[in-house]
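Quick one: structure below, then a few questions.
Letters are used for the chains, namely A, B, C, D and E, taken in the order the chains are written, and counting of residues starts over at 1 for each.
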Amino acid sequence: MNSAKRKNLSKVGNPPGELIYTGKLEPSNAIINVFSYDQHSYNLNENVDLDLIKTLDKNQIHWIDFENVSDSNQLKAIGEIFDIHKLTLEDIINVNQRTKIEFYDSYTFLVIKLISDSSEKLEFRQLSIIIQGNIMISFSEEKNFATNLLKTQLKTNAGDIRKKDVGYLTFSLMDIVVDSYLSKLNNYISHTEEIDEKITEEIEEEHFIKIKKIKQEILRFRRFVFPLKDILFQIQKKEKGFVNESNEVYFIDLYDHTIRINESIDLLRENLNNLTEIYLSIVSNRLNEIMRILTIISTIFIPLTFIAGIYGMNFENMPELHWKFGYFLILGIMATIAVIMIIIFKKKKWF
Amino acid sequence: MNSAKRKNLSKVGNPPGELIYTGKLEPSNAIINVFSYDQHSYNLNENVDLDLIKTLDKNQIHWIDFENVSDSNQLKAIGEIFDIHKLTLEDIINVNQRTKIEFYDSYTFLVIKLISDSSEKLEFRQLSIIIQGNIMISFSEEKNFATNLLKTQLKTNAGDIRKKDVGYLTFSLMDIVVDSYLSKLNNYISHTEEIDEKITEEIEEEHFIKIKKIKQEILRFRRFVFPLKDILFQIQKKEKGFVNESNEVYFIDLYDHTIRINESIDLLRENLNNLTEIYLSIVSNRLNEIMRILTIISTIFIPLTFIAGIYGMNFENMPELHWKFGYFLILGIMATIAVIMIIIFKKKKWF
Amino acid sequence: MNSAKRKNLSKVGNPPGELIYTGKLEPSNAIINVFSYDQHSYNLNENVDLDLIKTLDKNQIHWIDFENVSDSNQLKAIGEIFDIHKLTLEDIINVNQRTKIEFYDSYTFLVIKLISDSSEKLEFRQLSIIIQGNIMISFSEEKNFATNLLKTQLKTNAGDIRKKDVGYLTFSLMDIVVDSYLSKLNNYISHTEEIDEKITEEIEEEHFIKIKKIKQEILRFRRFVFPLKDILFQIQKKEKGFVNESNEVYFIDLYDHTIRINESIDLLRENLNNLTEIYLSIVSNRLNEIMRILTIISTIFIPLTFIAGIYGMNFENMPELHWKFGYFLILGIMATIAVIMIIIFKKKKWF
Amino acid sequence: MNSAKRKNLSKVGNPPGELIYTGKLEPSNAIINVFSYDQHSYNLNENVDLDLIKTLDKNQIHWIDFENVSDSNQLKAIGEIFDIHKLTLEDIINVNQRTKIEFYDSYTFLVIKLISDSSEKLEFRQLSIIIQGNIMISFSEEKNFATNLLKTQLKTNAGDIRKKDVGYLTFSLMDIVVDSYLSKLNNYISHTEEIDEKITEEIEEEHFIKIKKIKQEILRFRRFVFPLKDILFQIQKKEKGFVNESNEVYFIDLYDHTIRINESIDLLRENLNNLTEIYLSIVSNRLNEIMRILTIISTIFIPLTFIAGIYGMNFENMPELHWKFGYFLILGIMATIAVIMIIIFKKKKWF
Amino acid sequence: MNSAKRKNLSKVGNPPGELIYTGKLEPSNAIINVFSYDQHSYNLNENVDLDLIKTLDKNQIHWIDFENVSDSNQLKAIGEIFDIHKLTLEDIINVNQRTKIEFYDSYTFLVIKLISDSSEKLEFRQLSIIIQGNIMISFSEEKNFATNLLKTQLKTNAGDIRKKDVGYLTFSLMDIVVDSYLSKLNNYISHTEEIDEKITEEIEEEHFIKIKKIKQEILRFRRFVFPLKDILFQIQKKEKGFVNESNEVYFIDLYDHTIRINESIDLLRENLNNLTEIYLSIVSNRLNEIMRILTIISTIFIPLTFIAGIYGMNFENMPELHWKFGYFLILGIMATIAVIMIIIFKKKKWF
């Protein structure tokens, strides 16, 4: 994260609107794909030149899929074509944005986060979406599952998507992302359930570390999911937005799912806290048991060893040593002490 | 939960409105029962064909009891008869919904959760309700106590239910569910009171685990009960809903009960937290007591044993060994040390 | 609580409005007293017949004191006289209600909780109040301090109560209850202060248990006191309620007191949490001290005992044993080791 | 606090408006001072008779300083002169009120709390203020810094106070109190910073107790300061109140200071919680260190002592005892074991 | 902080509007720089006399950079020129203000906090800003990075700043400050990540102290950053403020960044809490491990040492001593006991 950090630092004092990529990927050239369709026909142009975009048929619906936002030149060029504000372009290339929606006069701007499938650890990639008239433009940091799946839906006309409008197209992309959140969350839940089952059997520090790591990831995850609820609420309430009456119900459904995800995250956090307390209590009980054993053994044998020590002394005048049954008497006394100790411990329910 | 999880995962990228059962039960064929009544007569048709439903008398009140929502074909068929949106049908068969209410133009859609009586562990089954005109349709995952009890109420005309309208019918079904929540909650409360009484007497790890398990169940429980308060508030406030003036008071009563349940849950959680702290404190005190005993015994006998060790050495020239009363002198010194130690411990109030 | 619990359970599936007593007292016959007054005269009829109630003088103010709500027949009878809804009657006899107020067309219904003076443990008895025109009806589970004190106020015309209206009468009864809360709370506060003073002197598990028991009671207490604030706010704001301009100021005063009680409860909870942490810290320090002593003694004497053990061995060829001052040399070495150890511990500030 | 408590208890059942002093001071006779001024002249009458008050010049501004509210007769008398409601008088003499403001038709009533400078421990004295037309009346439990400082300001015409109105007079008194809060808070903050510096150096139980005592005082303090924010907000928003346009800015400033105090209190609480955790962690580390030393010493010497014990046995037939270098061999073995142990501990980074 | 504290204390009873510097820096003479510009030209006058300010060209935009607010005379003088209220001047020189905005009739007053770059520890310096017509006046405690960077932006016309209005000028200054917050926050985040990586490897008290110190700084930091969100919201909503339509989008962007900072702070706090729990758990596990080793060694060797002690006694009549293989028998018994102990420990999974 060092390079990202340094970029950030060097931005202090810069004027707004500078197009500097702040993500973790290697910068590479933009790839632009255009999917155009109406009820009757559709057409996918991959890796197109920007000039094509200037001549799009206004009666069709178009999805412009802009890959690799780190290419600031192409980003600037497309920004000029659609008259996008430089602050919006900055938010597209500075991929540290919050999940958010902004309504401008000529377009709507939406930022959501994709769970990266190219990284082992939990990492997020920014997916920026601009809706302007019949056109949806998506900006992504790299090739990803979400735009891939949307392409498949369009090709197969899944759910009659090609018969619907640009609002439904946006819904479909968001739905894919929300579904992936739900799927990720279910992973965390089953992972937690596994730890829950193991934790009372074998007590290991690694369980605890895992609980805490899940909690940390959940917290990061929550940060990007939580605002979606408000965003979907705003989308529905927005007059003259891209949601008309016929697809309103789909956004309500999506809204509903984000609430569910948020609730599940909260429940999971509570459960992780619960597991933490269980773990710590078991550790504490284990210590108690260890100390009990140590104390029982020590308390019985230390006094006995002392008595043996007494009669191991080499004084000339020690009358007991010369008694005929002195040895056996002392053994008897030792046994008596041991038995009394054991009875006391039994009474204290120490074993 | 593996199969459910996999279903969930495979849904990423699917278009909305797909009818896939996500519950834990084995899929089976739908059973449809129809209870038709007015003030003068009533009629129960069990296991009817869907065609019957198309010819229901509009002057009567009808309750259609749809069992086994996993039967997606029948579900789709009934959906077509009543013109139910595919997203609503999806919510009926995807039984992971939150407790919620949705008002559509032609029907009201309600999701509540039943505490399963077919499962040992705490598990919830989804009960979906649609109210359209004089008809209430209930969709359940399996035979259950709630629809059974409602059937009994209708047969016995308990509370003059057959003289009232479809709003009261809905109230009656919800009342049964809320009553069952109250009963479950009382179980948790008395269970907690039992642990409370035992916990200061015998300290056992299993108490702690039980406290935590109750807390986990309470948290899951709370999730499905908490939204009911808002739902019942919405039902009352909704103009042109299924609540008219004469049965408004029943929904207010129900609203009141859900508030009570929520308050009791919060109180119970606080008590469980309290019990957790008591348990941990007792464990800690127990450890203290153990260590105190170990320290008393060790601190008295270790120095004495050392002295005995001194005079157990085999040096040729050890004058004390030849003193006449050396042995008794040393015994006296040892006794003095022991008494001083005991006095110190007494002063520190160690026993 | 077993019988109460069972009643509750058996209610699943019952229609609303059933008059089953759910309190902890033995059911007994209702006693009905009527106190009638105006500015000029007053009259107390004890243990009256219900018929009398039907003929009350409409120009006077009447307080009907209904004792022993477990008597469902008399309750039903009085309900019919005043046209009280069956759900209200159910709430009167099912004494598990929350503190609440409900405004009906023909009457206002109020539920508050009395701290039982017939029970050793903290227990609450429900006091239900109905105000209808000039009549206030109070329903109590048993004879209690609140209605007794109100009777005394009326007899002695304390605060000119007989010159005021039914709103002031209601205020007077609520004031008595709120004053009793304040008094109970002060008990808890002084109890907590006592523990606070003792806790740093003598550390005993029983202090901790007491802290936790107070906290549990406070939580139960809070549940019944907290809603009063909103209720008193509603009473003031209600147009056409029983509060007219001249007694509004009294309800504002009461409102003020309930806020004070709620604030005190919150402060008390914080203090109890604080005491919990102090207690646990002292326990932990005590353990530290014990372990320090054990470690000092063990660390000094275990090595010395080992040295003594060496020269207690019976090998034939041990040259040191034959040195003239071997014994004294070894004693000197032992003393040196002990002194070094003590210096180290001093440096670590262990004593 | 016993006498105060008993007074409180005996109030259960009393009608409202009874003038019983509930503070901790000895009751004493009221002293009434009147400070009258306008832009041109001023006049201070100390220890005046109540009759004077009835003849105050309506064109001047008057501050009536009523000391020792425990004098219920004088309080009642002044209440009659200014037509103050008996509940207000009760709130003045019952000094357990919350910080609050109440707007009556003919006067405004304000309760704030003074930090007592006559008591060692943190104690609060109630300062009640009534503003009626051009007159401000302050009621205090005893002579105090706030009214003293206000007197000085008036005498020296500090900030041109005598050229301003009764609203500014009220502001000045509140400003003195709020400044004293800020000063007290700064004491707590520097006290906490001192503990913060010491806590990592020398670990002592007394630090912990001090942290907790500060927290307890802060909580009590907060209770009286927190409501001021809302009160000052109400004062500003109140039409026809005592705040006119020219002094509004002063109340905004005061509002600002109370927000700052509240924020500082919250930050201080967080820091105290942080210090608590640091303290407990250090205690826990200390225990770890002690146990590590004990374990190192014990683990090395206990096995060696055992070996020495073996060869201290008096069996006739022990061949090793007769070996020429048996003693030296055993010493070597012992040294080897000790070295191995030390290496193991080094590897575990125990020292 | 002693001198600052004393100043504060001495303010109790002072009238409002006194110009006393409360910061930590040495008082020094004010330096006033004026940057005047319009679309065509610009001019920087450094260290100007106050008289110049009275003759500024009303058609240009001016930034007056007032350094060293501790110079109360110059502050008073500039206050008179621009007709600034004495309470505003007090807030400029009393640098303990909250982050806040206040809208007056003739000017807007803004307080934000700079992270000091002249101090090693986290310290804040107050930056007060007044906007009046075309003029922005900034008041700072000392030379600082923010005004330096703004000067550079103006000189280089970065982002066409000289073509924009005074609102954009204000935005630019705030943007620099917010960027510096983001940069500071990133420092804390990477610092925390470093601790996170180290904490499970080597457990050291200093990690814990560092976590807590970061948390303390974060809390102080948060206090100054948190209100910015509301302030930026107010700036946008304010009619007739200094934000016109063309620069509104910049303030929205800034608003967005402050939300991001606040969210990151909250996430960081949660992570620090998480790390605290991990640390404490590792410490606790470490103690467990130590105790386990101590108990294993003690429990095995203490009984064996006791047996050796028995046969080290010097009784005359101890038959075992004379058995031919008594020594070897006893060695065998000891070995057997040791083996049994080890097996028991293995079963308990102690090693």
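Simple rule for what comes next: a residue touches a chain if its C-beta (ideal position, glycine included) is under 8 Å from a C-beta of that chain, and two chains touch if they have at least 3 such contacts.
Keep in mind the model is a prediction, meaning the values are calculated, not measured.
Where the sister copies chain A and chain B meet, the same residue numbers recur on both sides for under half of the interface positions. Look at where the CA atoms of chain B average out and do the same for chain E: the two points lie 42 Å apart.
In this assembly, the C-alpha centroid of chain A lies 42 Å from the C-alpha centroid of chain C. Residue positions of chain C touching 2 or more other chains, listed in rising order: 284, 287, 291, 294, 298, 302, 305, 309, 312-314, 318.
Viewed as a contact network, the protein chains form a single closed ring in which every chain touches exactly two others. Order of chains round the closed ring, starting at chain C and going on to chain D, comes out as C, D, E, A, B. By the touch rule above, chain E contacts chain A in their complex via residues 145, 149, 152-153, 158-159, 161, 172, 175-176, 179-180, 182-183, 186, 190, 193, 200, 249-250, 252-253, 256, 259-260, 263, 267, 270-271, 274, 277-278, 281-282, 284-285, 287-288, 291-292, 294-295, 298-299, 302-303, 305-306, 309-310, 312-318, 349-350. Taken together, the chain D residues at the contact with chain C in this complex read 1-2, 5, 8-9, 11-17, 85, 87, 90-91, 96-98, 100, 102, 202, 205, 208-209, 212, 215-216, 219-220, 223, 276, 279-280, 283-284, 286-287, 290-291, 293-294, 297-298, 301-302, 304-305, 308-309, 311-314, 318, 320-322, 324-327, 330-331.
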